[in-house]
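As written, the chain order gives the labels A, B, C and D, with residue 1 at the start of each chain.
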Amino acid sequence: MNRPEHSSRLIPIPDVQSEHDDRHLAIDQVGIRGLKHPLLFADGGARPQPTVAQCSLYVALPAEQKGTHMSRLVALVEERAAASTPLTVVNFRTLVDEMVARLGAPAGSIELQFPFFVRKTAPVSGVASLLDYDVTLKGELADGRYTETLRVAVPVMSLCPCSKEISDYGAHNQRSLITLTVRTHAPIALAELLRFAEEEASAELYGLLKRADEKYITEYAYDHPRFVEDLVRGVAGRLAAEPRVAAFAVEAENFESIHNHSAYARIARGL
Amino acid sequence: MNRPEHSSRLIPIPDVQSEHDDRHLAIDQVGIRGLKHPLLFADGGARPQPTVAQCSLYVALPAEQKGTHMSRLVALVEERAAASTPLTVVNFRTLVDEMVARLGAPAGSIELQFPFFVRKTAPVSGVASLLDYDVTLKGELADGRYTETLRVAVPVMSLCPCSKEISDYGAHNQRSLITLTVRTHAPIALAELLRFAEEEASAELYGLLKRADEKYITEYAYDHPRFVEDLVRGVAGRLAAEPRVAAFAVEAENFESIHNHSAYARIARGL
Amino acid sequence: MNRPEHSSRLIPIPDVQSEHDDRHLAIDQVGIRGLKHPLLFADGGARPQPTVAQCSLYVALPAEQKGTHMSRLVALVEERAAASTPLTVVNFRTLVDEMVARLGAPAGSIELQFPFFVRKTAPVSGVASLLDYDVTLKGELADGRYTETLRVAVPVMSLCPCSKEISDYGAHNQRSLITLTVRTHAPIALAELLRFAEEEASAELYGLLKRADEKYITEYAYDHPRFVEDLVRGVAGRLAAEPRVAAFAVEAENFESIHNHSAYARIARGL
Amino acid sequence: MNRPEHSSRLIPIPDVQSEHDDRHLAIDQVGIRGLKHPLLFADGGARPQPTVAQCSLYVALPAEQKGTHMSRLVALVEERAAASTPLTVVNFRTLVDEMVARLGAPAGSIELQFPFFVRKTAPVSGVASLLDYDVTLKGELADGRYTETLRVAVPVMSLCPCSKEISDYGAHNQRSLITLTVRTHAPIALAELLRFAEEEASAELYGLLKRADEKYITEYAYDHPRFVEDLVRGVAGRLAAEPRVAAFAVEAENFESIHNHSAYARIARGL
């Protein structure tokens, strides 16, 4: 699937990908998907953190070109990961620019998905621990216009307002996943963005909790019941009021503790 | 998460979902996701086949309404599955209509994902066996307009033209997945649609093959090398020429046998 | 990967699998994995239900034999699924016997994994709906001895006793999965087996619930707090007291609503 | 789910987990599962590499004790990850020892699963790139005896000897996964262990290949056809001859390019 820039052999190897294609069909996206690679990522001004990313790199291919040069896409990931500067939401664009330039492509996009960790402090005991969030960073260059989309999936607790209201005691609750997808006018740190979700949930999650924390969170959640509808409305209201956010989608999925299926809701503005 | 139409108790239970919400935020989609249910599906004029579907049902929720009535969505699936007529791509619309009507919703969508089986005959020995295809049926009603999208993921073999061309013998090949997503002017049977992918691949797959079949397929694939780019171009050309197809997207993913990542390509027209 | 019993061609095709292997290494298991196939399954005396199974079929291979005949394993699944009698935990053995006989193998095993549905009635409203359970049926024949293992994964609710005890109100709860793996002296219906898990949980789950049911379940769960330790102890106690059960393992996984990880426990006796 | 060693409040919070349980049922394993955490791992004498692990930590619980202290397990992961010395297959035992000591447990086990990367050099062009391997490290302490199990899943290419033999040209091939699980008398580096699988396959995989490499690998694979049976026999022979290996299991799964299911084989000695 590869075409070397310089053949390492005396007898030339045919370059099938560079041949002509006469079907008159341009390809929107062609490239590699699911390449796992270690990566150094820095969020806002925070200390860089090593992580492992699933990388997808695609370019547009003109109608007359038979194939793209997949190996250049892998080489690009290798080089970027070897560089000393960590990847950020700000310098991510240069990677997309570089790809499109090297491949001589009319357009292209890169998508990196990786676990992102935030050190959190338990609400009463103050013990610290990491919580993991699934992040997807997508940069797209088309018609000379660059679009970057940032996605973070935030695990939270939701407690059912109906269950609380109709029951003499207790209320069913469960783990939920709130996913924020945003395009921005100005950079927002992931650590800031995910707080929109945590603050609008019935309660936020922690890796490590002491008993006093568990009491606090249990009561806090009971005091903050939220339907799946409330989760997306709460976060959507926050994102709509944030001047740095240009467009967004908010999704929430409740892994219902009384059913074997999920409750789900979504609000999108401009995405 | 539920509100019964008629309370089964003398003391009325509060209906929290029907309360007023004053955040002025309409919800694009709210409902249930990941409900597993057995289902009878009939493709074109073929004999109905029992399968198991993952069901997602969503409605739009006006800004002033606090919550939707999730239990009605589950009830709808139960009733449909209990009906004697199998589900088809033609009668699917009535299910979406019924949902939107029952929920009094301005819009709504249903997505059903299920394994679909086709009995295939091995090319030389003629032995028959089933092959499984992952199908997703999506119906959406918005502004009085109904849109149905049909997706089928077709496992095939791809053999690399570059590897064949540059090597003195052999050629690397692998399993690939070609995914067709279409909107139609007139119904197309799934069994017809998936042939577009199988006929454009290096070779099609079978559950059961005898040695004579294996020889045939090995040589056939070697005679029909296809890049991931060729797969999507071949299928896109077929779909573009098919008058019943209104819009489409074709994706191909090669689970490369020489790498631990995939090659991927996509062509979309109108989707 | 196949060797036909009768070649369909005049010129004989070499049978590589039947050649001699001189590495003196017997193979414990060789066969096919992940074959998807529709299947009719009947639980105890209940009406047969169509489902879709993931099938794995393996045989032992003597040291001197180069390869097995994979296509015979696929053919066996095709034939069994085409038969009019539904598969049961009782007649499953004949399928394993048949496989070992046809392949002339010293030993073999079959594993079928499929969604299994039970119609449940909501506790107050009495509305009926299906709930899905993941079932794995494994039959193994070795040294003339047949062993059958039945596994069912039961989704339930667990409510934390510590959270309830230490909090002034409320208690965190979540969906849990209790997995029962059993070997029996005499057949037990799946529908009976999974009740052990549902009755020992804080609450059982339903597809469809009305508000009166939701109130009932919420309060019931609050009245029946269970640690992950309690779940496995409760079920283990029931299985240990059941004369038809010869050996068992019980696992429970709580998808904690206050953490982004699970709590897990396991008790095994004889497995 | 937690019990703090020292309550951070004046009014004592009940310690439910430390209460007495009178069901007389000891628990084999209880703890946490699926905790994601960044980790520094060093293989043999190689430079430490940052990765992200899925962590499971379990202890045995005596019959009379109601519950374990889950938060101590999370704290242990936090502390270990914060330490400056990277984790190795040699010092892993101290983590298991520490867990069992801190929890006052009669037995316990830790399982860490993480992507592990090896820099590989393409066979002709010499270009370097990383390849990812899924590694699972399991340490178990019971009855004062420590057992460590190392598992590495190695993606390779397999080319079907039957297809090659019976076909006039070409041979179907595909990506395969060879999984080695070993217990050792003396430490073996992962980078050494996975070579057993790569050297016994039809060909090994690379992240980055130039055209000359692709030609080399295509022809190499054609010259080294391997059944799934050959893969496990080849690796089993190597492991059986390796004095540092005390017990092993080898599994191979071929994601067949002519079927939509896998071929699978397994040889175990002492596991």
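Everything below uses one rule, namely that a residue touches a chain if its C-beta (ideal position, glycine included) is under 8 Å from a C-beta of that chain, and two chains touch if they have at least 3 such contacts.
For clarity, every value in this text was computed on a predicted model and none was experimentally measured.
Taking the definition of touch as given, a chain qualifies here only if it contacts chain B and chain C alike; those chains are A, D. Comparing chain pairs B-D and A-B, the larger number of C-beta contacts belongs to A-B. Interface equivalence for B-C, evaluated over A-C, A-D or C-D, points to A-D, where over half of the contact pairs coincide by residue number.
Ranked by separation of Cα centres from chain D, the top chain is B. In terms of their C-alpha centroids, the spacing between chain A and chain B amounts to 25 Å. In this assembly, the C-alpha centroid of chain B lies 35 Å from the C-alpha centroid of chain D.
Contact of a single residue of chain D with at least two other chains is seen at positions 1-3, 13, 35-36, 74, 132, 160, 162-163, 166, 207, 209, 211, 214-215, 256, 258-261. Partner chain B is touched in their complex by these residues of chain D: 131-132, 155, 157, 159-160, 162-163, 166-175, 203, 205-207, 209, 211, 214-215, 217-219, 221-222, 255-261. Against chain D, the residues of chain C that register as touching in their complex are 1-3, 13-14, 16-17, 21, 23, 25-36, 56, 58, 61, 66-68, 70, 74, 160-163, 165-166, 227-229, 232-233, 236-237, 240, 253, 256, 258-268.
Chain A makes touch with chain D in their complex at residues 1-4, 7-9, 13, 15, 35-38, 49-52, 71, 74-75, 78, 81, 115, 117, 124-125, 127-130, 132, 207-215.
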